[in-house]
Amino acid sequence: MVTGKTTQDMSKRAQTPLQLSFYRVIFGTETRAGKWFDIILIMVILASVMVIMLDSIHEYHINYGVLFLQIEWAFTLMFTAEYLIRLWCSDNRKGYAISVYGIVDLLALMPTYLSLLLPQAAPLLIIRVLRILRIFRVLRLLALLDEANDLARALHNSTRKIFVFFSMMILMATIFGCLIYVIEGPEHGFNSIPHSIYWAIVTITTVGYGDVVPMTPMGQVLSAVGMLMGYAVIAVPTGIVTAELTLAQRLHKERAIRAARNCTTCAHVESDPEAVYCRHCGSSLPAPGHQPEDEA
Amino acid sequence: MVTGKTTQDMSKRAQTPLQLSFYRVIFGTETRAGKWFDIILIMVILASVMVIMLDSIHEYHINYGVLFLQIEWAFTLMFTAEYLIRLWCSDNRKGYAISVYGIVDLLALMPTYLSLLLPQAAPLLIIRVLRILRIFRVLRLLALLDEANDLARALHNSTRKIFVFFSMMILMATIFGCLIYVIEGPEHGFNSIPHSIYWAIVTITTVGYGDVVPMTPMGQVLSAVGMLMGYAVIAVPTGIVTAELTLAQRLHKERAIRAARNCTTCAHVESDPEAVYCRHCGSSLPAPGHQPEDEA
Amino acid sequence: MVTGKTTQDMSKRAQTPLQLSFYRVIFGTETRAGKWFDIILIMVILASVMVIMLDSIHEYHINYGVLFLQIEWAFTLMFTAEYLIRLWCSDNRKGYAISVYGIVDLLALMPTYLSLLLPQAAPLLIIRVLRILRIFRVLRLLALLDEANDLARALHNSTRKIFVFFSMMILMATIFGCLIYVIEGPEHGFNSIPHSIYWAIVTITTVGYGDVVPMTPMGQVLSAVGMLMGYAVIAVPTGIVTAELTLAQRLHKERAIRAARNCTTCAHVESDPEAVYCRHCGSSLPAPGHQPEDEA
Amino acid sequence: MVTGKTTQDMSKRAQTPLQLSFYRVIFGTETRAGKWFDIILIMVILASVMVIMLDSIHEYHINYGVLFLQIEWAFTLMFTAEYLIRLWCSDNRKGYAISVYGIVDLLALMPTYLSLLLPQAAPLLIIRVLRILRIFRVLRLLALLDEANDLARALHNSTRKIFVFFSMMILMATIFGCLIYVIEGPEHGFNSIPHSIYWAIVTITTVGYGDVVPMTPMGQVLSAVGMLMGYAVIAVPTGIVTAELTLAQRLHKERAIRAARNCTTCAHVESDPEAVYCRHCGSSLPAPGHQPEDEA
């Protein structure tokens, strides 16, 4: 998202023909080579993510840990080369480097190199975090999903409503959590208010793990009320998103109507883009796209 | 909600200039100071709620209980001062005191003072209830969520349908609960009809704790039917809310069409608020907002 | 539902004035007494259901079983009297007796009398069934929910689609159940295909009891696919019901437009029921409800 | 689906009168015999599926295994006969054989015959797979569900959006799975990243088995966020499907408006198919279905 904007805003750098052809393949999707580059990149990202996942399984790590490390280094060198080529051939190096995807690209490289600097006895958590950070390479796939932007925009339009919805959900969970904490108490597994609020969220969202459940009749009545409310309240975000999407469709249609032509003889509005003659007076219509003077 | 209404209905009290400036800061949101007051108030409420939550965790209560008590007293004194200033500078003291938020403000103060009056050996439940009551301070945040009122109105319009929906859900749960009680019985954990109805609600709302599950094939068939019904029935509240929100959008649009202007020459209806000339006869249109005589 | 229809279709019986006044109170809801009768009846039904529920709790049955039995007999005699009075004052005795609510009324009485005929050592299941049958008295409340009929009609319009939806859900559950049975097998708790299908329904409807869960990686991948499909497929009934409700609204609106009046002077269509003069030519409009000749 | 297409595309074979009458009964649904054939076929398929299911229950397999095997052979011979007759009387043998339903028909026969070829000590898994494969006979019922095709088409129109939705769900589950793996780790049951992603899918889709649950406060906060997001995100597919279905309704309505007639005297558009006279000028309208020249 940010990439496109920054390259437009900042002054573009002159590219050599070689840089330009690399640029077209790596950043573009119009050419045949550009499409193949994208497809191969997706494959490589998924393969590298797969290796990290398999490495996290204990038995595989014991048996194939060394192999996985070698593969990981191969992938890291490939991604490093890709990152450097992207920087080299970009028409706006700084713009790419500070764009969202530029930072994701860099973050996906760092952990492997950082692991070299770690002392032998590094805390397990840090090793684990470094290993996992690499998996965020999958985020690079987002750039390839055009429609993700459409959905993101639809969600963005409803941001304030969604914020209010989540605020009310958390308020509801807080109240239910407090009530169940008073009713059931630590003796039935509701150890603290935060833990009870966690239980309330598990219940209201209809997840229902079942690790903590109400034991007393009063607690069961309360949680039944919470479940029914949660079950019904899901209608609210659905209604918001559906109304938003339906509105988008209607606006799209109205824009089509605004693109309608007026007959130059009788001023009849023709919204059918395929019509050639006015359906009111029979005189020939102006070609679509031609805007009469009395329209804005 | 009630605040605004009561202050309008009742006779307003004359305020001194000092009271008026305090009033603008505390009750209003238009001035810079008023906005900052609201933001600081939200922070303080959230902080005080956080302290109550942390105090409910056993280890923290043991280690920092005294500190939490001191912080709690500081918050209580602050809220007491705020409550008294609100009363003092309000243009309608009684109206504020009996309004929903006035009562919530008062209830949020009481428990701390009441805890002083409690005997040393007060029952655990009463202590717990008093502690929890303070957490309902979060309800004050509701006043700051404008859009919560919009959603509340949308739900209010569908009240009767929602009531019918919940009645049918409870009826459905009662029938499924009774059937499972007959089929599975106390020997499989379905101890009583109320407990079986609780299980039915857990199942139909798709929460599914798993603390009680059907063991017999018959019971599993019955619960599968209940799950599928519950899974499909969720469409009903969603449909109601979506239809309500879509209707609200359409009414909004129709109101816009009613605000359309008539051309004074040819009576053509112009709904585009940006049009300057009639698209039918070319004469200049009246300015938007000017209502022709033949409109209501 | 059937009551109203049968009484219209069949020949009505002549009622004495006393019968008629009883009829108005018991069957009607227009008079003050009729409304109070309904409210008291709801209270009595809910009270009797409450007693049956409490009696199903073991401790209460031990301690208050005799009291509950006496209360139950009091309720049964009351409902018997009500049933006989309904039969006596009805303008169509047979119609009432074979109507849905007539049968429900009778079925709600039978179990208590039947329990007298049971031998001392009756099987536990039969006793339990008889006790539970009485709880179906709550079904009588359905007659009092007008809007339940509206929802029932909306669902009725989509019957075929809902049937197809459930068929596909069961087909999907069958396929997922078979696959998981092959993958996990009896050694991980998936004892048989029917049990595996039950698990698949628990998973796809997002209930998720957790009594049987996949253990093998393959099984977890399969169930993850099932969950995501179930999570998305819920959109189908929601879309169907919402589209149905939106269509109902639109038809309602179109019916309103058809009720619009034509100006007798210039034939302009006026859909605003409050307009008095034609907004096109200024001549006075016909009164609403008056249909011009060229309309059907 | 494929059947209809291939028979049209390929050259039809000449059928003898006997073949034709068999064809009408087996492939057609217009004749009385054709309908009965379909109903009986559904019954037989459901019965054979029922037998396979019962055979998978251990006790029944021990007691009635031989009987089930005999019934299974009877069904297999029946389905073989049906398959051969279908091939014989089809007007396009190859087209049927390579159609979806032709392959399903064949696959439903194979396992029973293949079981004859299996050595006595065949691996349990293969025996189980063969047994289960036969259950996919239920897929043949799909051909009989007309509306399934409607729903399938509606889903097909949204394929790309649904693909994007699932991609984002899996991306979301990957990120939540990685975070919980770092926070909770193998010591709390989150053994590996794939297993943690499985947990994330179980949580986000609100299934919530409860076999693995977060133990640490941080993990519980993270999973609460995941639940709330999953709870809200379900609105997206619902919105997509609802908007798609609403659009289908609107297109249907617009097609009806396009079928409107123009008055030959005053060019007024009449969309009411039952109107006989123009509501604008009173001259008689052309009959419905007659298209004026200026329409496409």
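Order of writing sets the chain letters: A, B, C and D. Residues in each chain are counted from 1.
The working rule: a residue touches a chain if its C-beta (ideal position, glycine included) is under 8 Å from a C-beta of that chain, and two chains touch if they have at least 3 such contacts.
Just so we're on the same page, UniProt names per chain: A, B, C, D = Ion transporter.
Values in this document were obtained by computation on a predicted structure and should not be read as measured data.
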item: Contact-richer chain pair (by C-beta pairs counted) among A-C and A-D; value: A-D
item: Reference interface C-D: repeating pair among B-C, A-C or B-D with over half of contacts shared; value: B-C
item: Numbering shared by both copies at the chain B-chain A contact, with half separating same from different; value: different
item: Cα-centroid distance, chain A relative to chain D, in whole angstrom; value: 29
item: Computed distance of Cα centres, chain C from chain A, in Å; value: 42
item: Per-residue overlap in chain A, given as positions that touch at least 2 other chains; value: 165, 194, 197, 206-210, 230, 234, 238, 240, 242, 246
item: Touch-based graph of the chains, sorted into line, ring, star, complete or other; value: complete
item: List of chain B residues in touch with chain A within their complex; value: 49, 52-53, 56-58, 125, 128-129, 132, 135-136, 138-139, 141-142, 145, 147-148, 151, 154, 162, 165-166, 169-170, 194-195, 197-198, 201-202, 205-211, 230, 234, 237-238, 240-242, 244-246, 249, 272, 274-275, 277, 279-280, 282
item: Residue ranges of chain B in contact with chain C within the complex; value: 160-161, 164-165, 167-168, 171, 174-175, 178-179, 181-182, 185-186, 191-194, 197, 203, 206-210, 213, 217, 220-221, 223-224, 227-228, 230-232, 234-236, 238-240, 242-243, 246-247, 262, 267, 294-296
item: Chain B residues touching chain D - in the complex, by the definition given at the top; value: 206-210, 238, 242
